[in-house]
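Below you'll find the structure, written out as structure tokens, and then a few comments.
The chains carry the letters A, B, C and D, assigned in the order they are written, with residues numbered from 1 in each.
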Amino acid sequence: MSHLPSAFADYESRVRSSFEQQGIMKAIGATLTSVTPGEVRIDLPFGQAVTQQHGYFHGGIVTTIVDSACGYAAYSLMPAHSEVLTVEYKVNFLAPAKGEKIVGIGKVIRAGRSITVCSGEARAFQDGKGRLVAIMQATMMMIKTAS
Amino acid sequence: MSHLPSAFADYESRVRSSFEQQGIMKAIGATLTSVTPGEVRIDLPFGQAVTQQHGYFHGGIVTTIVDSACGYAAYSLMPAHSEVLTVEYKVNFLAPAKGEKIVGIGKVIRAGRSITVCSGEARAFQDGKGRLVAIMQATMMMIKTAS
Amino acid sequence: MSHLPSAFADYESRVRSSFEQQGIMKAIGATLTSVTPGEVRIDLPFGQAVTQQHGYFHGGIVTTIVDSACGYAAYSLMPAHSEVLTVEYKVNFLAPAKGEKIVGIGKVIRAGRSITVCSGEARAFQDGKGRLVAIMQATMMMIKTAS
Amino acid sequence: MSHLPSAFADYESRVRSSFEQQGIMKAIGATLTSVTPGEVRIDLPFGQAVTQQHGYFHGGIVTTIVDSACGYAAYSLMPAHSEVLTVEYKVNFLAPAKGEKIVGIGKVIRAGRSITVCSGEARAFQDGKGRLVAIMQATMMMIKTAS
């Protein structure tokens, strides 16, 4: 990822502050476990409130975690007075999302002036062992806000 | 959708029974509001537990609703002793998902022997007026279960 | 598509002029058969030069036709002194692209200030009868050029 | 890619033989430059016949190359008496596909019984230097043929 621009000084506090405002993350118990320039990790413990019909993590919830991880990875490289918006994404599900927790990781592949392309993945951990359960390709956009 | 196969007799009860097992739907208060052969609708009322950082519906939650709507639309055309699996999907977000509720609709575009392709959409309702906020293109797969 | 902005006066000549500069369209014999505000159609006759291993139209060529149809549908609603760029797309293949010709259609779903979301499809015609063979969901971007 | 199954003995000859039947590859001068189990590379030299309106490689042609690279990467791990089919893919375009040649690479991420998920990329080479211009996430399917 040598093409990434330098991160702005307060990137981590801006990401953490925005994350704390996402009601869904609090509701399902997701935590922001790592924020570095261009890469963000979010962990989600298992619970009945996030399941699909077989008792595994619902694919939409796995998507929610990786969406936020990709969005904040993009946001970590954006300047002050900006917001990040998800334009679109695509997710492939590779295996049942079964286990004690999901770890979602979002990485910036290319940060352009307004459009940032990210790659994301989710791993399900069972008995301490992780398994790749989903991959995402996402497009994020920077929106300038009033300074 | 003239290419759709006939639905099997108990399609609605199978869909409703599976939906009731999705813990996430109960947790966020989503309801299955319509099940017809090849088309399913799910409604989700607004609440703090489903928000992103600006207080609107989180895109991942909108995706969750449309994912389940598409999955059950596909499942409504599958025979007894089968399960439906989401292979992958892609979502474009068209406008902020802002309002009192989200209505997600999934429709079967083509039902093959094992692969079913669906088209989904989400509308956000505010003051009784709906606005298209997301569109999905999804691939579902039938898994035969022991009879 | 009631949300579409009015088309600019010279939209058709701008689309046709750009299409004529696409070397690939000339090489494979594709023609621009319809240009209306927000919707464009491109036809491609069959030939050995566009086949995959079974002698049908290659999926990538079907994509090429629908990509250009979507791009020009978006471009038809953009002002003078602008260019259109394909940000990304996703295509599902529904049936073998077999027949005498492919008809690709691109439609604008939502035209924003910089981002336009399109929906595309391809039909394969055999003995005068068309069959839906692919559907696309695409994101296009407007780039302002020097006036 | 530790989950990849062993390749079958004649994988390379099966891939090369199928590739030679793709009329589009011959028409645009694409060559199969590497075939290993789970990874395939295809090179495409520049020419007027593959351009879009600005004289660069058309995005649909870049897609065609990466589609075939991903399809053959999946096929390289499939048994005799099988065919590979592209179910769907999604492509993000990161930079103008400008240069003397395009190198498309397809890799298997997960090979299941019927569904194989691949990741692809295209690099444009100019003055001997490559630049990432597109990334793909693709779903392939194995079809058994009569033995």
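Note that in this section a contact is a pair of C-beta atoms (placed from the backbone, for glycine too) under 8 Å apart; a residue touches a chain by one contact, two chains touch by 3 or more.
None of these values were measured; they are calculated from a predicted model.
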{"item": "Rotation angle (°) superposing Cα atoms of chain B on chain C, nearest 5", "value": "180"}
{"item": "Chain whose average C-alpha position is farthest from chain A's own", "value": "C"}
{"item": "Between A-C and A-B, the pair joined by more C-beta contacts", "value": "A-B"}
{"item": "Gap in Å, rounded to a whole number, between the CA centres of chain D and chain A", "value": "28"}
{"item": "Chain A and chain B, separation of their C-alpha mean positions in angstrom", "value": "22"}
{"item": "Where chain A and chain C are represented by their mean Cα positions, the distance between them in whole Å", "value": "32"}
{"item": "Per-residue multi-chain contacts in chain D, two or more chains", "value": "87-88, 90, 92, 117, 137, 139"}
{"item": "In the complex with chain C, residue positions of chain B that touch it", "value": "90, 92, 94-95, 109-110, 117, 119, 132, 135, 137, 139"}
{"item": "Parts of chain C lying in touch with chain D, wherever the complex brings them together", "value": "18-19, 21-24, 26-27, 47-55, 58-61, 63-65, 67-68, 85-93"}
{"item": "Chain C partner contacts - residues on chain A that touch it in the complex", "value": "87-88, 90, 114-115, 117, 137, 139, 141"}
